[in-house]
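Structures follow.
Next, two complexes with chain A in common: one pairs it with chain B, the other with chain C.
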Partner chain A sequence: MKPARFALERPRDLAAALALLAQAKGAAKVMAGGQSLGPMLNLRLAEPELIVDVSGVAELRHAGRDGDAVVYGACVTHADIEDGRAPDVGPNVMARVASGIAYRAVRNRGTLGGSLAHADPAADWLSSLSALGAEVEVAGPAGRRRLALPAFVTGALSTALEADEILVAVRVPVMNPSSRFGYVKHCRKVGEFAHAIGAVLIDPETATGRAVFGAVEAPPVVVEDARVLFGGRIPPGFADDFDVAAADDTLARAGMTDAVDRHIHVEVLRRAALQAHALSGSPLRPDVRSAA
Partner chain B sequence: MNAPVRPPRVNVALAVNGRAVAVEVEPRTHLADALREELNLAGTHLGCEHGVCGACTVLLDGEPARACLSFAAACEGADVTTIEGLDDDEIATELRAAFTREHALQCGFCTPGMIVAARDLVLRLPEPDERRIRLGLAGNLCRCTGYVGIVRAIQSVISARRARGLGPTAGERGLGPVGARTGSSGASAQSAATAETTVAQAPASAEIPADFRPAHSLDQSFEVGFPPDQVFAFFGRVEEVAACLPGAVVTSVPSPERVEGGMRVKLGPISATFRGAADVRRDEAARAGRIRGAGADGRSGAQGEVRYRVNAGSTPGSSQVNLTVGYALKGPLAQFGRPGLVRDVAARLVAEFAANLEARLAGRPAGADAAAPALNPLRLAFDLARGRIAAWLRRVARKGDASTPRS
Partner chain C sequence: MSGGRAPLAEGVGARLPRKEDDRLMRGRGEYVGDIRIVGMQDVAFVRSPLAHARIRAIHVPEDCRGRVFTAADLDGVKPIRAVSGLPGFKVSEQPPLAVDKVRQVGELLAICVAPTRAEAEDLAARVTLDLEELPALHDMLAAREPGAALVHEHWGDNVYLETNVNIGIEAAFDAPIKVSRTISTGRQCMAPIEGRGAVIHLDHRLDQLVVHTASQMPHIVRTGLSECLGLEQGRVRIVSPDVGGGFGYKAILLAEEVCLGWLALRCGHPVRWLEDRREHLTANANCREHHYDITVYAERDGTIRGVDCEATVDSGAYSAYPFSACLEAAQVASILPGPYDFPAYRCRTWSVATNKCPILPYRGVARTGVCFALELALDAVAAEAGLTPEAVRLKNLVRPERMPFDNITNKHFDSGDYPEALIRAVAEIDAAGVRARQAAGEADGRRIGLGLSIYCEQAAHGTSVYSGWGIPMVPGHEQAAARLTPDGGLELRIGAHSHGQGLETTLAQVAHEVLGVPVARTRLVHGDTALTPYSTGSWGSRVMVMAGGAVATACAELAERARLIGAHLLQADPSDVRFEAGRVVGPAGDVGLPEIARVWYLRPQDLPADVNPGGLEVTAGYKPQRDSGTFSYAAHAVVLAVDSQLGEVEILDYVIVEDGGVLVNPMVVDGQIFGGLAQGIGTALLEEMPFDEAGQPLASTLADYLLPGACEVPAPRVDHMETPSPYTRFGVKGIGEGGAIAPPAAIVNAINDALRPLNAQVLRSPATPRRIVEAVLAARGAPAMTRDAA
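On to the complex of A and B.
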């Protein structure tokens, strides 16, 4: 199908983009690479009157180190992260997530900020960056604010963004060198939306960790203190202690009623934990702190 | 032609296959249509038009991109290379020979996009690794060959090039979407949003089917500190019940058994305004009821029902309300194939409905104002022009008696 009629503006800078949104009074939709919104427009699921295309806003197309975090402009693409043009927060951490998103032709235009603002529960960044403890930076008429991802995502395809605000950057904490990241998604076909996602960020040295059940058709279920999933502690061989019953119980309490769904999500998270463990002690561990 | 209203068009400058061109297109025209319809470059094929099949893959600033998911106007100033522009390209030439040799096509529909994707793999993959090639082709659907010939063709080109000492390359480029040059609109660009309130469709009405069977249903129950009779009576006042449902509007109540109105539902960029009717049944003895409705917004249709039963609560003078909300969708949103997302919205709506109901019963103002921006009964027609779609929870309300379902 073809999209319904809309007007399109390509602001040259952020101020112009915000002014357009303010004028449009809620009738506008922000678009970056258009790889999520595009299908919805073509299927006429979305019919905004005005599209504000921010892909040409230079200040959204940068990435760099800022203190203990890497800050990615909203228009950094999946391919930029996959190829290493934008710095990673750990060795092959975000690059690996990026390389599994949809297809290369999509990754060349699809953006980090666009993916988060779209807030599709089955998308990769929402779950992986929730595990990595990312924050988003939002600009609006009243200035800027920062929100942790769980506060930003209010539901499937729903965020805390006001109609006159734009997600401008994503701040992802640089991983502690002793931390392990595991990310597994379950798809029936490569590139399709995931049916289940598991992500863990675990630091066996400090015995702390965070775990995320993603692609639950609602905001990710974030277990801020992952110790509950490993028998109350994070031992060096944590993956062996993964507590299936505790994980199942977490999902049940989060409202997942179908036992088969829970089984799949628990198993995918278990594999993410195994993967994080297997990556422990990898000799390929360049010092990311100097990388940026 | 009897001169229909000519939609606003924009001039877009592109470099297509090395040639500077200017095309005049609507803002909604995607790049593939601009190439095919305005420039007669029909080698770019259109299959699914939502980014899945890969037939429309072209090179934008030298990198593969979906021409169906890139609006021509958003590519102002970009370099576009289509299959026609790869006639003299060295790798494409080698790929064409290999595709011929390996029988890597039958009907040829996927081939233009396949060649573009294959060329990218030849450039990027260090070795002719079958697994990585197959992964790399996941975004280009071929329904004829089973991919065996395609994979072999790509492997052979990679092997031959690496044997000649031609390694993989990583093209230098800046950050950001390929094909997106710096924008030009300033802050004063007049927003066309005002003028664009074009087609206000006549609201569609929908029949309430006698044999409705919900495809999805949700249960919710809560207690309120009022006696069951009072709560059950409240459910009989349909306007008040509707006021608890975010997005719902009652326009008329022609009879105690019938309600007419609409419901506006929003899911991220998707929004739909369904208009329709509902029938209402109540079973006084069982203190139960059913509101069953159907709505349509022109393309999508929705049917839904709310069943409720009011029981004595855990303490004297309180009630337990059991709600079952069921719905079924037709049209684009159903075809979108993400029933879980609809379920999440429906679950949130039901939860809000229950909270508002509770507040209203308790005499507090229902937080239904949360929905206020969405519902504006007098302006449904304008709302229709703005966004419609999809759907879930369509329902407008009707009710019937839970003990004698006709379905």
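On to the complex of A and C.
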């Protein structure tokens, strides 16, 4: 478990990083926090000739408000978000997701952009940011482009990034004050990758919402209009109306054939809805409890 | 305490902090991976990517010659043979590098040596294999079927050993309650923090191959390695430095060690191999996969009439040295009855060869599986009879007045009060309160379960037990050497090894009890065949009984020699002086060990003319009065909450009432129990090495092979009973493995208790969320079970 030989470059700015990628003609790999790439190198699942470590590029570490979004540089760490050094898009929204990622040692080094570029279906940011409606910003020789997350992630561990491009920033819309975010993951132990993730962003005032089934061994299943999961509408007490059959059907149509897997994913999403509901202050019907 | 005296502050029974922790906790331990020898090169192995295949060719690039070696190069190296003398045992020969065929993923095919491990892995990547894939045996029950592919063709089947015992089972057939269950345990990888590893060099002055290797049994490894390499045993020295956890994984001779030994002789420079986690998980560390079809016959009041069982153990591709491939299955038949007294018994066992890593001894060897099978079956009996789990157990546990007790398989229980342990555990966990809480239901909708289990742990079993087994190793007398230094310090030498047991402290306490030397002035030398008496090593929870007894015996002889010298120095008649707490006390004065040592070493002119010429250095041997083993035991009780929708389990309370005889250091015993519990929780809920149809191990990193972490292990409440063994020095018993035996049974019983109102049950470990959800979903719409005991 030692990596094959590779060259390492630590450019100081984005232009230098892009130039290195352009020269490498596909034989390079970008490293941000290295928390996934490091083990892949050791296992020789990745054997690039060149590693371009972008963690020293100052502009990628910046986070700040930009209009109705917060823009996070790709090298903002999970711990930066957890600790509040980077602004949040709502009350304890991104910070709560960050605090549940792996272990603190991983959060100290692991980055938002690295996680999305790695595109592990079981990772937290992919699912939570899909629910939050995030976009990624990608820089390449031809300039910059923006992609919504569902367009960026093309498969498990696979993205729309070209070999000469770098994911430079993540734009996450600031939540409406009336919106509620629910995020639940099912793990066998603390710090482990999730086996099921449920994320919802629901605004009872506008009766709109988005729901995400994550950790499905493929890109997350995003339900852009979550009303189908609540009987066609989003009433104030929406979690009471969570439609298990509709959720199960959504997963079945998305290709999840195993009934036990579907049961677990549906239940996790139901709990994410319950969590969002509880945050909205509406009372729950007494028969709708977290575990039946 | 011995002799009714007040306990010495540092003697047997003292809760002393461990001496070794000062270096270990500061990161100053010296492990194999810390050893550097000038000119040392690193080894990586080419391993089989297939579970079962014929080797057509191994292509080594021309420019790699002299740095890559295959079986064709290993002239004169013999295969590892771990034979059992049990009738019918079929012998497997494990070549250090595969010949003709590979029989498991990860089997060694070529040695690659380079200045660094990374470069050695580069070499390995350049070796190409031409393998003809054969059908892989990944399921032990299928492997038993006629017509299955053969792991070892000349056997004719895939069974290392079949055993059959029937003690009048027919008499139980008319019992009113008959409960049958199919119960199984997952394949695991024992996971010490430190993997295996070896650094080997030639000592030209002594003409010795010096093998630094992380081993629990250096003397046994010396014998096995010498035989494979064809060397006189005196030409091999094994040094086992600090070892980062053993648990059985370091009680084997490795093919890697044989390869490295050959390589060091061939190349003439030091060589090193450090196992990485992928090698550990996928190629080496398999243990514990059992399958039981068990039937319990009982009266309506819970009295067991008989137990009938067929047990199969997946023993893997080869018989591991020295414990052999029938290590677990052959023991199952004799230990399945556990601490229960019942009149009829039948057990048939199979040790089956498959295309998996050889099964290795893991803490609680075979006992974790039999405890799981019998304790789950007893809960099923309780549910069937409408009784509580404790009622059924109390009806059948061996009574204290029957001690010493020979059970139905002739296991000799030395002492103990098993019902008392269970009663205390049930009271301490507040079973009545838990059941009231269950009836009331939880605000969060989870379901509460209460689970019990109880076991016995035969420890330090010796010659009479192992001679019948006929494996390459039979423990005899255990020896220890004790030497006073000229300044009155004490050096102890033992051939076993301490790698977490705290022996550097506890054996010093034993010596202190006899000789009165302060624990801080006592040093334990262990883990080096050049410096220590022969021993079969640290396994079978034996060292405190065996090495402890030997240290006490050696120290007692030292005390007597010191007493005679002291009498002379005090100008007293020997019959008028006594040895007490490190001093020789006469009618008119006393003299301490430092002065006596000073005279022996530095002023021999002051010694009596008839002084024992052996001086202040003694090697003594020891065996308990009976060598059939000590029986320690514990009752475990757990309360947990099950989320029946997601299968998540949270342990809320855990109580252990254990009896390890007289405890030399209760704090060290607590540590053993805590560590064992952590491993037991892993077995119960998390740890599993799955294989696919092609025999590929599927958990190749610790992201897939889940070990319990700090968040998954509760702080248990431990209560000690201390029933002395009548056969051992100080009445001690072995307790090293027990903590890991009972948790899977207790935890899964608790899960099933929680799920009983849903008519769901889990009969396989680990009880993963998926297995729990599957059971819950399967029970929906299924007919109700016979009785709901909730």
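Throughout what follows, the second predicted complex is superposed on the first by the 280 of 292 C-alpha atoms of A that agree within 3 Å, B and C clash if a C-alpha of one lies under 4 Å from a C-alpha of the other, contacts with A are read in each partner's own complex, and residues count from 1 in each chain.
As a convention for this text, a residue touches a chain if its C-beta (ideal position, glycine included) is under 8 Å from a C-beta of that chain, and two chains touch if they have at least 3 such contacts.
On a predicted model such as this, the values are computed, not experimentally measured, just so you know.
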> Thinking of the overlay built on chain A, is A:Met1 touched by chain B (first), by chain C (second), by both, or by neither?
Replying inline: both
>> According to the stated criteria, A:Asp164 is in contact with first (chain B), second (chain C), both, or neither; which is it?
In response: neither
>> A:Arg188 in the overlay: touching chain B, chain C, both, or neither? Say first, second, both or neither.
In response: second
>> Once chain A of both complexes is superposed, is A:Val268 in touch with chain B (first), chain C (second), both, or neither?
In response: second
> What is the contact status of A:Arg109 with respect to chain B (first) and chain C (second): first, second, both, or neither?
Replying inline: first
> On chain A, which partner touches more residues: chain B or chain C?
Replying inline: B
>> Touch test for A:Val260: chain B only (first), chain C only (second), both, or neither?
In response: second
> Where does A:Asp124 make contact in the superposed view: on chain B (first), on chain C (second), on both, or on neither?
Replying inline: neither
>> Just to be sure I follow: which residues of chain A are touched by chain B in one complex and then by chain C in the other one?
In response: 1-5, 39, 43-44, 189-191, 193
> What residues of chain B sit close enough to touch chain A in their complex?
Replying inline: 7-8, 10, 26-28, 30, 33, 49-51, 54, 57, 60, 63-66, 68-71, 73-74, 76, 116-117, 120, 135-136, 138-140, 170, 173-189, 191-193, 196-198, 267-271, 299, 332-333, 335-336, 338, 340-341, 343-345, 347-348, 373, 386-390
> Can you list the residues on chain C that touch chain A in the complex?
Replying inline: 116-118, 121-122, 125, 276-278, 443-446, 643-648, 685-686, 701, 703, 706, 708-709, 711-712, 768-770, 773-774, 777
>> So in the complex, the part of chain A that touches chain C is made up of which residues?
In response: 1-5, 39, 43-44, 186, 188-193, 195, 259-260, 263-264, 267-268, 289-292
>> Residue numbers of chain A touching chain B in their complex, please.
In response: 1-13, 15-16, 19-20, 23-29, 31-35, 37-51, 53-58, 60-63, 73, 75-77, 79-80, 83, 85-86, 102-106, 108-111, 118-122, 155-158, 189-191, 193, 217-218, 255
